[in-house]
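See structure below.
Chain IDs A, B, C and D follow the sequence of writing; residue 1 opens each chain.
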Amino acid sequence: MRKIIKNGTIVTASDTYFGDILIDDGIIVMIGVDLDDEGAEIVDASGCYVFPGGIDPHTHLDMPFGGTVTVDDFESGTIAAAFGGTTTVIDFCLTSKGAPLKSAVETWHRKSAGKAVIDYSFHLMVSEVTDEVLAELPQIIEEEGITSFKVFMAYKNVLQADDGTLYKTLLVAKEQGALVMVHAENGDVIDFLVRKALEEGNTDPIYHALTRPAVLEGEATGRAADLTALADSQLYVVHVTCAEAVWKIAEARKKGLRVFGETCPQYLTLDQTDLERPDFEGAKYVWSPPLREKRNQDVLWNALRNGELQTVGSDQCSFNFKGQKDLGLGDFSKIPNGGPMIEDRFTILFSEGVQKGRLSLNKFVDVVSTTNAKLFGLFPQKGTIAIGSDADIVIFDPSVERTLSVDSHHMKVDYSAFEGMKVTGEPVTVLVRGEFVVRDGLFVGRPGYGQYLHRRRFGEA
Amino acid sequence: MRKIIKNGTIVTASDTYFGDILIDDGIIVMIGVDLDDEGAEIVDASGCYVFPGGIDPHTHLDMPFGGTVTVDDFESGTIAAAFGGTTTVIDFCLTSKGAPLKSAVETWHRKSAGKAVIDYSFHLMVSEVTDEVLAELPQIIEEEGITSFKVFMAYKNVLQADDGTLYKTLLVAKEQGALVMVHAENGDVIDFLVRKALEEGNTDPIYHALTRPAVLEGEATGRAADLTALADSQLYVVHVTCAEAVWKIAEARKKGLRVFGETCPQYLTLDQTDLERPDFEGAKYVWSPPLREKRNQDVLWNALRNGELQTVGSDQCSFNFKGQKDLGLGDFSKIPNGGPMIEDRFTILFSEGVQKGRLSLNKFVDVVSTTNAKLFGLFPQKGTIAIGSDADIVIFDPSVERTLSVDSHHMKVDYSAFEGMKVTGEPVTVLVRGEFVVRDGLFVGRPGYGQYLHRRRFGEA
Amino acid sequence: MRKIIKNGTIVTASDTYFGDILIDDGIIVMIGVDLDDEGAEIVDASGCYVFPGGIDPHTHLDMPFGGTVTVDDFESGTIAAAFGGTTTVIDFCLTSKGAPLKSAVETWHRKSAGKAVIDYSFHLMVSEVTDEVLAELPQIIEEEGITSFKVFMAYKNVLQADDGTLYKTLLVAKEQGALVMVHAENGDVIDFLVRKALEEGNTDPIYHALTRPAVLEGEATGRAADLTALADSQLYVVHVTCAEAVWKIAEARKKGLRVFGETCPQYLTLDQTDLERPDFEGAKYVWSPPLREKRNQDVLWNALRNGELQTVGSDQCSFNFKGQKDLGLGDFSKIPNGGPMIEDRFTILFSEGVQKGRLSLNKFVDVVSTTNAKLFGLFPQKGTIAIGSDADIVIFDPSVERTLSVDSHHMKVDYSAFEGMKVTGEPVTVLVRGEFVVRDGLFVGRPGYGQYLHRRRFGEA
Amino acid sequence: MRKIIKNGTIVTASDTYFGDILIDDGIIVMIGVDLDDEGAEIVDASGCYVFPGGIDPHTHLDMPFGGTVTVDDFESGTIAAAFGGTTTVIDFCLTSKGAPLKSAVETWHRKSAGKAVIDYSFHLMVSEVTDEVLAELPQIIEEEGITSFKVFMAYKNVLQADDGTLYKTLLVAKEQGALVMVHAENGDVIDFLVRKALEEGNTDPIYHALTRPAVLEGEATGRAADLTALADSQLYVVHVTCAEAVWKIAEARKKGLRVFGETCPQYLTLDQTDLERPDFEGAKYVWSPPLREKRNQDVLWNALRNGELQTVGSDQCSFNFKGQKDLGLGDFSKIPNGGPMIEDRFTILFSEGVQKGRLSLNKFVDVVSTTNAKLFGLFPQKGTIAIGSDADIVIFDPSVERTLSVDSHHMKVDYSAFEGMKVTGEPVTVLVRGEFVVRDGLFVGRPGYGQYLHRRRFGEA
């Protein structure tokens, strides 16, 4: 059945204009003034922005971590995403050394199938590059459409890969047309600092930040960029938090390297002092890399604006305060890392970015959707409002003033990192491939509606 | 009358898709698949790209310079522009110290009225900031929609303003919402170097380049950026030619400053050795700043790609080789500065940029059109293909292989800077506000069709 | 008559050792353990450092400025210098456009002859580079041994030279083996800022600082370095006050340029808030460039330590608070620029530098004496304690704790910029060419004893 | 017995003067003009420079490497050093994981005792920082006077320490007053590149350079500097070869960090093309890091001149071409790394540095002797010519023109890296603690004369 989104202000990464959108069979087939179509359902967007659906390139749903598992799975996580204006997520498929990659991918298919209410895809973690891995990778790319590999430079003895593995992954990525993603922190030194802090009896959440200083993120970021230069490959640095890391990315780009950087809403709005909240509440603000000193926020906003950073992901990774975060009572290193963010990413960027004059409307769309699609091989199917693209659309009312809270959010996790924060704007209606998932603030989607997305190789979009 | 551009690949600064465009009353009113409209004229764009018309932010038509005047005026110049895929030009209105600004603007209106075949606007040169000028500027902005001011840091004793004047202009621009443009070269030192070269009997065209070294462009660019920082204003550096200047702009942007840079096709493709062509042919390649050593070209392409530079202008300023350039026989300082470029800007960027893998299609549109419109207050009327925008459209056949030459170009000037150069692609059909100006390679426009454009204030787009 | 300085800790720019020094005929002829010499006068230096006499490369004695003249002339100024541990000063000989350089030098000889109690030399100000100046300069260098030229980039309409003049001076300096000194501030913009502040009724001393922001010093410093690169010449930036300027010098040196920087005690210890002292006392702290925000002090100390800056001058330029500084009551721009510093330079550097762990003893000697001698063609006659060098020696007691004050200083000026400041160390005995000028804290010198020093060309030392 | 060195031009890190030196009991006791001393032996230095003996902070004598051992031991090595003007060497004491540090030091004492003809000391390699190591280090510092620790960032699975170990070493060094030395190359990636090259059949010596690219040295240097910043400790980067590494050191120093850099004669004079010499001769030029592209040489000379780098070591590590270097025939990775350099370091720096105008005489002394002594706790006993210092003196005839060759050198190794190179200057006579070791070009020393030097803690000199 056809639909017409009427009278909204349509916004893409380059344009802002008034018009109507005709959707047929889940695809955008016409855009124009006063579209009329017999039998099409009319969706009124008066007074609203009509944005392409957000693309969250960085989520961890149903993910095991340190003996526990994230609260939100592909059902609650994607429902929350939809409420937040996000219509596609790319999750991380974790692998184990020695086990076939294929089996890991299958595990993630099992986690998501029948649950997701929006579309999704996977990145693949690479922890070693053996002959078996080398043999299997081209197949995974071909059959699964997984064209991005994640390497961890931190989490010593758990996820951390050595520089040789990172370099080999960069070489394979270049050869195969994939994008290498890095968690850039110096894991060896952090491991030492954490042990030392604990030995000295420094066990509070703030020590999570103090044992992962910004200089170690800057260092690792520069190292990854140097290896990328050597491999003549392409790199995507996830969750950039600080000036030290931004400068390394900017320097690499200045040399003409294909190096990209993502930041997250938490780093743009929260800061290290949140880790000092009393009653162990600081644990709610434990991400890795950690929240930084407030002065970094301006650097990050400016970097989004001037193109030093290109995207915003959520790094959604939710653990309950009660029962999970509190595993770290008396030992900050046992606090599960991560927090709920999938639902608020889009609105935070609008409210703190566009509304406060830090980002233009177009740049906002670019960083929460379009460039994410382009870098990860989903464009132009996803990431824009254009003829032929999937009708993944967010009708966003910028006049709504609301307060973020665990009471109103749709994630299952028992707290909000933004509890009490006033924001402007709300994604009131959200469509995925032309079907309503959220309509006038109500969930009308269906677990299992979300489709797995095979992605193109890097640079093919 | 209505028109439908059918079956082309539509490209904007963010999107690339297959579709049709319906134009009504000069405006884009609908974009879609298989558009049909009784009575609309069908324009076939099969196999072609459909681009928004190029916006050339930097031309000098009918301009006096050193006792002579540019060959191409608003008629021949805009015809050539149209053939080259450009549908709007912004020319520079020169002023004289002491004379009312208004009279200068009127002079330029007289030069252009009844002649231009495409739309146009003016920047205003500022050579002094007296109380009279301060009083007149707000009026000029309001009445004429001129929201960009040009200051020269070179051409000592002729156009050059001192740093105090530049700074005052930056203050006014901030207050009034205008953008300050600078020609950034150290005029005092160049003046000395030129005199010295002539005294030493070094009179050939190559000395034009040797007496305007890159370090003096870098210096002036950094100086202008520093004054912009102090004024918290906005700056646009015209015709950036070299790494030294790119780095200064990048550094300013890294700090969050509103500093922008433009380069030109000549700096991306020609180099200093062209000034050494025998038989005084080097004179054809005399621009200021001069062509640089070849290694700068990669820096400029990379800067366009990564956002360190934002736009490409032509700096069109054509003088005949015979009768004008030869004024400088025996004295390079008498060679009129500038060259023909208005016609080839768009195609050179496509052929050397997109075709050679240096720019994506979207970035190409961005630098030759969209960002130019945004920075100079013409967006969204101009600079994109979107509902409600003027139907300024270029149907571009990327399969054409052709050779640039004075024999085939439409400028009146008697040489081409690209004589014999093979390029890929041709703007076969060009519409301005829905009317054909060039159709299937033939001029079908009309002098006087072009309209003067009042522009918005900086940041209002 | 011979003297032996006994039992002191002798310190040079590289060495620190215990020993005795034998002086014969004003020259150091022997250094050793337990020197004995029949008939030599024994000067006990037990418990003291024995330093080479300080060389102050930047003084303005008996200098006209804005209708008044500095309080301290070559007599009181050099007496104060001697009390402060300085045995050579290099003063600035001001010139007037159109007048022969020679006559300016003669004027300065008249000011100094018969007055100076320590040795001295002159730099020559260059405000224009005409054919006459070009003809006269080689002669001045040859006959007067003046091998350093000063160019002002500020003081518009008074002392300011344009960039062409600076560049020509750099060329001459390279050719003739001289060092070009610049006062690096953007005079055009400062001129505007000053007028604007006054128009707006901002007349207090603090506006002196606010109208000469650090970015304008950084800008001018970078500009001078760029012109030096172009000329392949040598540059000495006087009175560097801020990070912005230090970075430009460091960048130039990184490229291998012969660019040097001097800072002054005031910038290392005082800051912009001193200009806000009540009762017009801020006027005492009016230097150009102005005192900066406190955070610059660390940058300056670090720059001295790591070699980004090379020397410390006093920029002695004393005006009485009553009768001179107060010319600027109600108009900060009329406050005579400068302050008393010749006497305290050496001790401040020791007390704030060596005693506080910021400079090693050797680096201290280097920046207050040795490198000054080397850069300005006085080495090895001056600037060290070595066989054959002039016996310009300071016996410095590091155990003295004292308080700086106008009550105890020897300058004639009616205030001290360091009133009440506690310092460690005192130059108790000072010899010039083997003769006592200060002995055990008493002046025993003689006006006219000081000799004019012909200096070597740059690089000849 | 006393000696007088007469009529030489004495040069220190700051001074150059004509004079005589009286030595008593191995100590410099007097310096002066026309010294006379009954009974003292007169050593004529007419026409010669009299330098403090060179201090080579980086040698590997009698060192096992890859199943073989360096040709030159503490006897032949120190004889060659003496002929080359070096009077003190600091060698590296290698340790094994798990074994007591003390036993390693004892091994090195056994290697040197009774053999060395000049004075010597040891650095201690640190490959792990266990509780045992932590317990033993203070003792080693106290008892052995070993105040510098070496950490390898390369040689994976052999010497390479991880970043945690480096960081812990930096912490201990700060606490104990020691200096951490790093071999800065990214060992993980090099390991991969070497394996890959061999697998691809690329076995020639040039692949040694191609598998250790400069970017990996730059990366590791920056990483070490970042960890030093975090630890607020002190770092000495050995054998800096390239612009990439120099810039990282300069950047760290600009921030005020105590980071120092050493380069070696081979990197200042030889380049990567030497590895392509035919008949496997390239193997003679296998150092790690490798020789670089020629353009790096200017960067290194400039860095010494402007203080970005502070010292020059030899990295002496000699292997015979026949029987040792040829272990790598058919597999470049088996070529023992290193070459003969102990004998030529001093002269190369004089001939290529001072004679060619790249270094002043004083800076030459500084980088080959004085700063080495200061950084490693030997000053003022060693590293200068001053009262009270050891009479370690080189009488150097700058008029000698000679040709370096295996035929004339005194190392036992069977080739010279500088075969056929013309140099200016020769250390004709060398004294250590006042005794002749080389006299008029003949060896007159005695194995076992050299003394082991306990060194002071960092910063105590």
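Odds and ends about this structure:
Methods note: a residue touches a chain if its C-beta (ideal position, glycine included) is under 8 Å from a C-beta of that chain, and two chains touch if they have at least 3 such contacts.
These are the chains along with the protein names UniProt gives them: A, B, C, D = Dihydropyrimidinase.
All values reported here derive from a predicted model rather than from experimental measurement.
Counted as hops between touching chains, the shortest connection from chain A (Dihydropyrimidinase) to chain D (Dihydropyrimidinase) is 1. In this assembly, the chain whose C-alpha centre lies farthest from chain D (Dihydropyrimidinase) is B.
Per-chain CA centroids place chain A (Dihydropyrimidinase) at a distance of 39 Å from chain B (Dihydropyrimidinase). Averaged Cα coordinates give chain A (Dihydropyrimidinase) a centre that lies 58 Å from the centre of chain C (Dihydropyrimidinase). If you average the CA atoms of chain B (Dihydropyrimidinase) and of chain C (Dihydropyrimidinase), the two centres end up 51 Å from each other.
Touching two or more other chains at once is no residue of chain A (Dihydropyrimidinase). Contact annotation for chain pairs lists A-B, A-D, B-C, C-D, with touch applied as defined.
Residues 156, 162-164, 167-168, 186, 188-189, 191-192, 213, 215-216, 218-219, 222-223, 226-227, 229-230 of chain B (Dihydropyrimidinase) are the ones that touch chain C (Dihydropyrimidinase) when the two sit in their complex.
Interface residues of chain C (Dihydropyrimidinase) facing chain D (Dihydropyrimidinase) in the complex, by the touch rule stated above, are 10, 12-19, 22, 29-33, 35, 247, 250, 253-256, 298, 302, 305-308, 362, 366, 370, 380, 384, 386-389.
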